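Below: a set of structures, written as structure tokens.
Paired with subunit B in one complex and with subunit C in the other, subunit A is shared by the two complexes that follow.
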Partner chain A sequence: MTTHMPDDSAFKKQLAVRNSRSARWQMFFLAATSAGIVMLAILLMSILNQVFGLVAVYQLADPNTLVNGNPVVAASAPDLANVLKDNLTKGKMQALLLNTVIGKDVDRALLSGGAITQIPTLKVVPADLTTKGFTELTPDDLSALLAANLTSTQLEAIVLEQIVKQEVLQSWNFIDSVFNRGAVEQTVQDRIAGVGLSPTLSADQQKEAKDQWQNATIEWRSWLNIDLLEKSMSATATDAGVRGALVGSIWVLTLTMGIAAPLGIGAAIYLEEYARDSNYRSKWIQRFNTVIEINIRNLAGVPSIIYGLLGLAIFARALGFFTSGQVFTGEEATGRTILTASLTLALVILPVIIINAQEAIRAVPKSIREASYGLGATKWQTVSQQVIPAALPGILTGIILSLSRAVGETAPLIVVGAAVFLSQDPSGPFSAFTTLPIQIFNWAALPSDQFRNLSSAAIIILLIMLLALNAIAIVVRQRYSRRLQG
Partner chain B sequence: MEAKLELNRKTALLTRAIPQKAAYSDGGTINLSRRIRPGEEFIHTILLICGAISIITTVGIVLVLLKESLLFFGSGELDLVEFLTDTVWQPVIGRFGIMPLVTATLMTSLIAMLVAVPLGLGAAIYLSEYAKPKARAILKPTLEMLAGVPTVVYGFFAILTVSPFLRNMLGQDTVQFQNMASAGLVMGFMIVPTIASMSEDALSAVPRSLREASYGLGGTRLETTLKVVVPAALSGILAAFILGVSRAVGETMIVALAAGSGPNLTFNPFAAAETMTGHIVRISGGEISYNSIDYNSLFAIGLTLFLVTIVLNLISQYVTNRFRESYE
Partner chain C sequence: MTLSNDRDSKAVEIKHLDVYYGSRLAVKDVSLPVYTHKITAFIGPSGCGKSTVLRSINRMNDLIPSARVEGEVLYHDKNLYGADVDAVEVRRRIGMVFQKPNPFPKSIYDNVAYGPRLLGVNKREVLDEIVEMSLKQSFLWDEVKTDLKKSGLALSGGQQQRLCIARTLAVEPEIILMDEPCSALDPIATQRIEELMRELVSTYTIVIVTHNMQQATRVSDYTAFYSIRKEGDDTHEHRWGVLVEYGETQQLFEQPQQEETADYISGRFG
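For the complex of A and B:
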């Protein structure tokens, strides 16, 4: 008589092996779950590591003593204008007045002859200058005009840009700055001695670089600051900011929501309320509805870059006369505008909005509809006054969450033709555009350390926007569902 | 009388607009026809158009990709066979072989799946079979945050941290600055939540009675999980894997930043090579002129990409529906 059961000691041994194997695998499963979370933590830390740290700053003049020994920050407009006069040539002063006050588009004839009071953009003219022409102005006059027409904040920015000319020679990340200060000092000493400078520099440039390092100050800098939000694109890291990109992102998101939300909700209502209704069904309509359902599921899986190609060929090119605003202004322009970007992005998030809204509508109890019909309401009265209000929190949450996808979406916008360089902020649906993630991409692709710092700071802003959107989604859901209960 | 009313109701539904009258026994009449409500019909039409936008989008995608691809193949520079088999993609010398772009896409996707499959499935098993409700309530949303991070941030992370790390570990000469390994690794972590949450749904759908039966026979928790629950949920898990592959193939910003900026036919994961999506982004990034062969070539790549992802998505849906084990 044989038995398949092992004897007692063998069984216990086997059981111990099985249990220990079970425990080992449990460790693996826990590790797999934690791995992703650990990665997320490393990601956040390595980005924060780039946002704060030491920088070697070189500047031509010290902004703290520039205005007769006083700091630039507190100085009055005439004082700042005087500093400009003392440090710049007459030609530069003229160019400044032209660029900042008069505007480059001014009629050139007004500049070459006649009194400056004729120039419409020159608002304030001191009494003693009213008879002078533009070319007759002395540096003192130019300085007075600048002081009269610009605020001290504007002049401060000009002084910093034209005279202080701050330049970041090198930046260090947070960990090196805190725990490896010695290596930072060593690098500075090396550079002063000429070690580690680019070998392609000529002898003169080498000397200049050494001088810059000699006079450089080492200081702490947070790359995430108000300046970053206020400054626009620039080729030099210290002058670069995200204002244009941020404005572009807000424009694109607003328009995207305006286009995608009504379409998505409409489609969801159709699929949930009308397509399932036997009164509206013929065989063909029935097939059509099935095709729409399958199609939406498939569209949700199409890579967003494909939508970019669609946007490029249809919205930017074929409909370029419309998306460029040509039909409204008559001006020849390209279709690579905010409107094109928004239309493309709307198509990207449409399936997500539809699927979420469908779920929200499906969750509304059938009894509510029956009660409404029983009171004699029509289809649309039932849908608009009973179903939609009941499903609204779910629909809104879905829209906000799809927006948080749109915020970070980059690839389709690059493909439809984001501007490589923006000279002015986007100001409407027909402006050329760039957005925050595209700005991050462009900076990240540059080799310089400082642009990596900027890129990291911009990523923090992007993540804050995402968190804000998600927080709004949570608040909306809670507030509305409470109201429905009460 | 009853029968007549019923008949009238039926004809009313069939003919819709024609008013029908039914006689009551006391001689009065009632209009049983469906009233025409132009407002309702109008709203119905508007909503139908909203629904149809998705179809228009799909048709638009297919038409645009086909039209521009036909222009590309009709340019006389190359034919379909050359496009699919040539091993060099160099528009400057008129060589358009998609092979190097496809192999790079395959390599990065493969590396991503090597990371995402064990981690995603492991996480799904832990969350569904092992974690206590409290731990689950914290772990799951945290893990899903990985899916919410914009991909451009992942790309930046790959070149900022992962690539230098690999270079320090394996040597600056072995690992190039941009390389498929770092792009694939980071992409894998991005896909983990997709696979984890889909697989977890499949695992949770397996009825409790199966687990109880296994425990009753003396199975350990591991044996129950691997020999009973996972096989029962296999179709859902497979569908999750395939969807993961489809996401990896279509992923753009990570590979555009980290994988490479030039087509390169290589299977060395530490070499730089440009994927299909990366190439589209780099070429369209500048102000590309319409009617150039470069412009048309983007759509040929796009068409290839579209077909690959659509096929993968359809397989995923088919697997889910066809092999779904149904329990009461």
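For the complex of A and C:
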């Protein structure tokens, strides 16, 4: 019998070639994986590099000895109010009371005449001040009113902002701070001598800047801290925080999920369970369904900025009377609200949710459906009691993963009109909004180093949010699949 | 529709049944009776359409969008494919056990209670009774009575199949269709299912599709032998199934009327 197979020596030679080829491919796959991991590590390190480092801090007063030699942190409300009185003019004290307690929108007539008890927003008035008018208040009275109406935490923030006036003159990144400390010291010496200050400063400003550097302290700062989460937007880097953006992101995310999840699951169930049904045997309906399916698949690939334009035209403008809340409140307002952002993002992620849910539903074994129908279940009984529960882990994973896409989405929100600066936290679907990625974008675009540090810190917060969402997705999938296997 | 006690009455009568998948003919002109309280076996080579005929008895073929049925399936003289018949009611009266055991990913209890719950039986004590009775009828009770909360998927293959039978019994059907119920089971589990079938036939009417001719002779009272007809050349071959012979099992195996039947049961083809 003739054989077509290679003889022994040829086989051995060829085997060596085959094995080395497979080893080369293995090397390539390993290199590809490593390249990805190295890139991610570099990215993360360059962000962290901006988050921690040395800063040169200048402050007008030392917060640790400001309150009669005691630190601001532990001080009582009256003591803090006294510090304000001792350091600020009467006019400033009036403005402070007006801005923090009474509110800027107050009827001016109440301020110019009549007793301060008439002012509705002024909740607590000490007994000896009930007859006085706003203009008659002495600095002592103003201080007493501030102490009575604000908490010590609020007063502490005011003291830090008005009196301590902490200012970061310069920040250094982590690598310079650790490995190049000499250069940091040199910069400080240069600035004290007047080297490297902005040439546009006048002689007086130059002197002031040199003084500030002279009195500055060099200290470590983590830009990622609790304050960052608690503080709202500000034009000063040390006072700025992501609270407004974080609240905005959470609002937008919740509404987006509320809108996209039911629509997406509903559409997927229709396409998988009903559209293929023999009840829809008509050729035209079948063609129509095919067109819809192809379109959904294409929509998943449409750049998100195009959804932004759609959102601007439809949700923000055409439906502005609804998305601004005008139909409910009657007040004229713009449609650039949390609701508009959520509707737009819901459109962005809807195709992905539908496709994921369709795949999850399709993966439900046919035998389960047959068993259910075989016992005399109706279509809806089968879908609701067998198909959806079995597909749920897949559907939920899809929803959570598309939400983590929505969290990071920036372009469409810029188009529909995210606020660049928010003085108040978003408080409902009809508030003006901003979100974390937009905050990051805005900060990163500012020329000051400190805002770049802040922007990196905000990126860390965004990454933590994303990781949390992905972790939830994994837990959900594990838990449900374990339950299904018994 | 009431359960008849007349031993010779027909539970189902299939008349000139043609089944198409799309434009392709799958089964042609099948006519046969199914007698009450008897086991009718469908045998024949792969692709002869025996499962297709079985599935058209409780309208499971409706689930395949392209499937189309012509002819009549009379259930107590009423055509199951009539305009006023709801497939849901048909399947509730004519239950089905599948080739591969397919318990729901739920507890044993919930598997059995699923059917009654679909029909609106929700009282706990009633369900408890139904579950116990159905599991006893399918000889599974003694093995699982202590852990009814356990997942149905945690049982062995044979137990799963008996659970599926219990699940079918729970809605009190008149007829049970079994599509090769033992093909995924070992010989001992197969034997238990066969004993179970003989037990159940005093209360129910059973139709079984089987590849195993010994099984057909062991359990069935009547047997229908299906075969394949071909048309066209190798590139455009068209095959469909036909009913070759139907009769009492003993008669069909000992004195087949058709040569094709004799060839098949003696192992000369198929």
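Here is the rule we use: the second predicted complex is superposed on the first by the 453 of 486 C-alpha atoms of A that agree within 3 Å, B and C clash if a C-alpha of one lies under 4 Å from a C-alpha of the other, contacts with A are read in each partner's own complex, and residues count from 1 in each chain.
Keep in mind that, in the parts below, a contact is a pair of C-beta atoms (placed from the backbone, for glycine too) under 8 Å apart; a residue touches a chain by one contact, two chains touch by 3 or more.
These numbers were taken from a predicted model, which means no experiment stands behind them.
Asks: Between subunit C and subunit B, which one touches more residues of subunit A when both complexes sit on the common chain A?
Replies: For subunit A, the partner with the higher number of touched residues is B.
Asks: Considering only touches as defined above, state whether A:A377 meets subunit B (first), subunit C (second), both or neither.
Replies: second
Asks: Return first, second, both or neither, reflecting whether A:R369 touches subunit B, subunit C, both chains, or no partner chain.
Replies: Once the two structures are laid over each other on A, A:R369 reaches subunit C alone.
Asks: Is A:A390 contacted by the first partner subunit B, the second partner subunit C, both or neither?
Replies: second
Asks: Identify the partner contact of A:I47: answer first if only subunit B is touched, second if only subunit C is, both if each is, neither if none is.
Replies: So A:I47 only meets subunit B here.
Asks: Tell me which partner A:G248 touches in the superposition: subunit B (first), subunit C (second), both or neither.
Replies: neither
Asks: Which partner does A:R276 reach: the first (subunit B), the second (subunit C), both, or neither?
Replies: second
Asks: Using the superposition described at the top, list the residues of subunit A that contact subunit B and also contact subunit C.
Replies: Shared contact residues on subunit A: 378.
Asks: Which of the residues in subunit C end up touching subunit A in this complex?
Replies: Listed in rising order, the residues are 58, 60, 62-67, 88-89, 91-93, 95-96, 98, 100, 102-105, 114-115, 118-119, 150-154, 164, 167-168, 171.
Asks: Name, in rising order, each residue of subunit A that touches subunit C in their complex.
Replies: Result: residues 276-278, 281, 365, 367-378, 381, 385-386, 389-390, 483-486 of subunit A touch subunit C.
Asks: Spell out the residues on subunit B that touch subunit A in their complex, using ranges where they run on.
Replies: Touching subunit A: residues 13, 37, 39-40, 43-44, 46-55, 57-58, 60-61, 64-65, 67-68, 118-123, 125-127, 129-131, 139, 142-143, 145-146, 148-157, 159-161, 189, 192-193, 196, 220-223, 226, 243, 246, 249-253, 256-257, 277, 280-281, 284-288, 290, 298-299, 302, 305-306, 309-310, 312-314, 317 of subunit B.
Asks: Looking at the complex, which residues from subunit A come into contact with subunit B?
Replies: Against subunit B, subunit A makes touches at 18-19, 21-22, 25-26, 28-33, 35-37, 39-40, 42-43, 46-47, 50, 262-267, 269-271, 274-275, 279-280, 289, 291-292, 295-299, 301-310, 312-314, 317, 347, 350-351, 354, 378-380, 404, 407-411, 414-415, 417, 420, 437, 440-441, 444-445, 452, 455-456, 459, 462-463, 466, 470.
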